[in-house]
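Both of the next two complexes hold chain A, though its partner changes from chain B to chain C.
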Partner chain A sequence: MRELTHRSITTFLMTLPLVIILVFFSIYPFVSLIKMSFSSFIVGKGYEYVGLKNVWRFIEDQRAWESIGRTFLYVFVSVSGEFVVGLGLALLVKGKFKGVIRTMVIIPMLVAPIAVGIIWRLMYDPVFGIINQILAKIGIQGKNWLADPQIALWSVIIVEIWQWTPFIFLILLAGLESLPKECYEGAKIDGASSWQTFVYFTIPLMSPIIIVALFFRTMECFKAFDKIWILTGGGPSDVTEIISIYIYRVSFRHNLLGYGAFLALIMVGFIVIYNLSYMGFLRRKIQ
Partner chain B sequence: MISKSKKGLISLVLAVTILTTFSNFAMAQVKELHIAINKSPWLPAFEKLTKMYEGETGVKMVLHVFPFMGLYEKELAAVTTASKTYDLMNMNEIWGPFFYAGRYLTPLKEIDPEFTVPSHLMQFFWEGYWDDKVHYQAPTGVLYGIHVNGNIHLLQYREDKYKEAGLPTPPETWDDVLEAARKLFDPPNFYGYVIRGARGDPIFYNSMTIRHAYNGYMFRDPLKGDFTITVNDEKNVEAWEMYARNLNEYGPPGVGNIGQTEMMGLLASGRALQAIVVSAAFPHLDDPEFSAVPFKIQFAVPPKGRGGDHSSTVAGWTMVVPRFISDERKKAALDFLKWFMTQKPQVEYTKMGGVPVSTTVFQSELMRDPKYRFLKATQDSIPYFSSMPLIPECAQIRDVMGLHLNRALIEEEGVRESLDKTAQEILEIMRGAGYKGVTIAPRS
Partner chain C sequence: MTGRINLKKLVPSTIFFILLAILSLPFVYIIMTSFKTHLDIMLRPILFTPTLKNYVDLFFTQTSNFPRYMLNSLIVALFSTVFIIGIAGLSAYGISRSEFVWHLDKILLGWVLFLRMVFPVAFALPFYKIAQSLNLLDTKIILIVFYTTINIPFAVWMLKGFFDQLPRAYEEAAFIDGCSIFGVFWRVAMPIISSGAVATAILVFMLGWNEFLFALIITESSRSMTLTVGIAGLCQQYMVEWGKMATAATIFTIPIFVLSVFVQDYLGKGLTMGIGIKE
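This part shows the complex of A and B:
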């Protein structure tokens, strides 16, 4: 009994630092966010409880709904693009091109998002940017990559895919290289084509790894902010204004800190629902 | 005989007393000043100036540097949590009224009742003042801060190109600017006019100069408390047609996303004829490391609009003293500001690449140096200084207007449509903020 109590105390003390960190850096801020969500920030007074005022404001806020829709589009296209390109690269590189080539592939992921935004903003510049200059050399008219409302969002998505494909590439490559060779040998003997092998063996065997990779990327993609802020600031007009940008504007430009907190809370809810639905769908499809 | 426990208690009390006295003594002598400031083209000049102050007074100057809007977030967090981190905060007038109205700052006369603003200081449209009665930044208000950067909008143009084309210099009206843009437009080698058209603050600030030149203002008479909305009147429409339709026709591609960097890049590369740019750009446009056209860009008072006058929008920064620091630190902060305003630091500040706030610089030898030719344009612009509406809601109004102006520029909305929508949104903001009796003026 004495030993049991001693072990319980030891266990408690060992986990206490983590609990404290969790409380101060996760639970307390989240509880504060909920409190702020049902408050308004009054100049000189601080936060005052306003009940469901922010809820009604959100329901009537067309810009908020548009930015949420844009966010889902941004996340879906970006993550899908990263998956397709990342898987393609992983299949290409699997079993070969070790060392330098693999290192070069992951370089974009190592660059800070702000730096990525600055680099691509320069590259996309319609007068001085290298992309339009190369296009001009091959006789193609350059575009206003970040100023044309028809293409600005896709230009920003390309940057997102460029930067984070290496993340998915690394995870999928590790998965591919750990697959049992016997399955492939058996399939080969049975006369399966490369495509059949890929569809009926590779994908199902890789499904747990794919789900993990997509899950992490989706969560991170919802939080995209710095790149987009540098590239376009949410413009032109509001075509690249995803919810993180809108929350920033509402909170720090419009000084509606309580409403901004509410929007952030809404996004947490959407992200949870999105991820649960997406992962369930993927699991059913792949298996 | 004193017991052991009593001895221990006496020792503890003595130790605490000594420590407290020592720390109070230490606090009474301010050895460091902490300043929250933004990263900007004039920051290096300000940093050098603070070293000069350190050398003269022995007070160590610690600069906490943040990006533009990052500074606002830090200062907002500091004032709303009664933080004692900063002795001075550099504040843009986007968020100034919000801080003044919130009583987060210390009036300068509260620190030194004898303090008055020297008459040689340029008056940047009452930025730094706040009048609670009219809920506006007015000369009748309380003084909270001193301008530390005399940044204003000037017309910056290629005088050599104007002369080659036989055009009079400087251009006197916006029609003159348009004619020059039309005459010299030669894409993709040379563009007639550059609009800083990116959504939000860039286009809001950049367009304010021309709107005010046409007498197109946001409210009827805010200094008198009349917040009738006039942002969509005919003067604003005319100004906006000139800016977003006429001048834009002779501009570079991608105008909807051109920020200050791109605008300066186009001028400095020699690919653009002219633009409205802040005076703080002057050291970069003459720096051969940065500019392909050093000493070729001339500075002028922004032109007149039809039916209006010259107008130079101020784009300044005000340094303020937060409320929650000790009296000694407040006094030390004000001592720095007083020193900053005197002639020698102002001249040195200009030589270091800063933009002065004192007219004493205009009596110095710098006026004869071509490197500081922007000073003449600044001096000539003083009677025409104008500013954005200086109320706590101005950040929100700017953001809303910056969206609609950008939409008009990229032709997602018509000019009248965008101004009407802006007027409607400003009306909602003002009513939501509790302003009584605000209406939109019938279009005239």
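This part shows the complex of A and C:
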């Protein structure tokens, strides 16, 4: 018994470095974020408490609301696109092409968003970019993909889908390949069409994995910053300015550090609610 | 009948290879562009005479800070990886093997998970303030500290997953032989999960190597500027000099290409932090 307590004290001590890091570099920053949210940064004076001023500012800030709406649109379209393509791809290659080819598929998501941004910026170039050159060869007038306010957001979404479809693909493929084969054979014997097998069988069995994949992809997608920063920097005329870009601009370009902190706090609050609801959902699913 | 079977096999493969081409052609394009002169970029999309001029310009010009940025990135990513694996290894083992009171381990894990989910931008402001008050703006040290903090959650969850799968019989045997729990951790548990730990280290290294936002706000000069920020600056500076940008992107990406081979088996698990994904 004494041995056990001794051991659990040691294991607790082992987690101590982590706890110290968490306190200094996550709890403290979090508290300081809350403090900053209710103050204004004034050059020379530092942070001054301003009460709810940032809240009123936010309510009246149309640009902030627009960027939040745009973020949801960006995340929704990107994740849906990734899901549809990723699922299709996973169904196609189930049980085939093992090895090197699969490694090739996952490369886009490992490459830095910065590099991906540069690659696509060159490809999207209206004059020398490969996309418009190909389009010109087949007689289609190319577009100014990143500078046209009508399509810039969609161009950016395409890059997001390109980079992260492999993620959904990888997870769904692992799920599909772990489904029991006997059930499929049984369904075949009973004369089920492949569509019926898919709807009544694959989807329900796969649903936990699908939910996990979508949850993580959505979460990561909300954090997007680097790629858009390189591709458009939020432009043209703010049409690709999602919330993280807006927060960065407010804080570090316009030096409104207090207001930037308040916006950041709102997004953190949103993420907390999103996570809790997901966890609740998972728990109910398990029960 | 045979024709139909062939068609059934052929169509999915064709679609798959088309998609594979779409996924990989951008990389081929960027690598090709990096070997082109300015004139070739404009006039010859496919057939051209390769030149190393862009590489020479980036690496061996007096005014180019590129090698410096590369070294900074390497130092920051490498040191943060070492700290992360050390700290996360210890604590993941502790969490995996302990019987904490009041679900302290669950609270700890939950907090770590939450850290991973938060917008990096939300941390950017307080981190900037911390760096400022410690007088460590524009240094590699503070970048290493921040990278360690933001990437540690990932490593903790991944390593905990490996330790959880480890049968306790090995460790019990070592305990009976009189090994301390640190000894067991270091001599028994770590060596057994070493391949998983290496994969975790590589992924964490990639996260550090690819990071942009914190480097953007913390670094100002070539003293600490990492490759990501350097390239982004290059992007604004030389928007016309495509060859250089393509070269920078290529060099930046090559380590990732090489390392990705080693981590592919752990990727799905790693990116979802092992939640709900079975082996």
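Couple of notes before you dig in:
Operating definition for what follows: the second predicted complex is superposed on the first by the 262 of 287 C-alpha atoms of A that agree within 3 Å, B and C clash if a C-alpha of one lies under 4 Å from a C-alpha of the other, contacts with A are read in each partner's own complex, and residues count from 1 in each chain.
Assume contacts are C-beta pairs under 8 Å (C-beta built on N, C-alpha and C of every residue); 3 or more make two chains touch, one makes a residue touch a chain.
As the structure is a prediction and not an experimental result, all values here were calculated from the model.
Because the two structures share chain A, they can be overlaid on it, and in that overlay chain B clashes with chain C. Using the contact criterion defined above for the overlaid structures, shared-chain residue A:P126 touches chain B, although it does not reach chain C. Once chain A of one complex is fitted onto chain A of the other, the partner contacts of A:P149 are limited to chain B, with no touch recorded for chain C. Applying the stated contact rule after C-alpha superposition, one finds that A:C183 touches neither chain B nor chain C. After overlaying the two complexes on the shared chain, residue contacts for A:I101 are found with chain C alone; chain B is out of touch.
One of chain B and chain C touches more residues of chain A, and that partner is C.
Contact with chain C, but none with chain B, is seen for A:T10 once the two complexes are overlaid on the shared chain.
When both complexes are overlaid on chain A, the residue A:V93 reaches chain C alone and has no touch with chain B. Look at A:G235: by the touch rule set out above, it reaches chain B but stays clear of chain C. Residue contacts after overlaying the shared chain place A:F252 against chain B and chain C alike.
In the three-chain model built by superposing on chain A, chain B overlaps with chain C at stretch 221-229, while the rest of 5-13, 167-175 or 221-229 show no clash. Residue overlap on chain A between its contacts with chain B in one complex and with chain C in the other: 128, 252.
Across the complex, chain B meets chain A through its residues 69, 72-73, 76, 80, 98, 101-104, 188, 198-200, 252-258, 262, 265-266, 269, 271, 392, 395-396, 398-399, 403, 406-407, 410, 412. By the touch rule above, chain C contacts chain A in their complex via residues 12-13, 15-16, 19-20, 22-24, 26-27, 29-30, 33, 41-42, 45, 86-88, 90-91, 93-95, 97-100, 104-105, 108, 111-115, 117-130, 145-146, 148-149, 152, 156, 180-182, 185, 206, 209-210, 212-213, 217, 228, 231-232, 235, 242, 245-246, 248-249, 252-253, 256-257, 259-261, 263-264, 267-268, 271-273, 275-278. On the chain A side of its complex with chain C, the touching residues are 4, 7-8, 10-19, 21-22, 25-26, 28-30, 32-33, 36, 85, 89, 92-93, 96-97, 101-108, 110-115, 118-123, 128, 130, 133, 162, 165-167, 170-171, 174, 178, 208-209, 211-213, 216, 219, 222-223, 225-226, 229-230, 244, 247-248, 251-252, 257, 260-261, 264-265, 267-268, 271-272, 275, 282. On the side of chain A, the complex with chain B involves touching residues 43-44, 46, 125-128, 142, 144-149, 152, 232-238, 249, 252-256.
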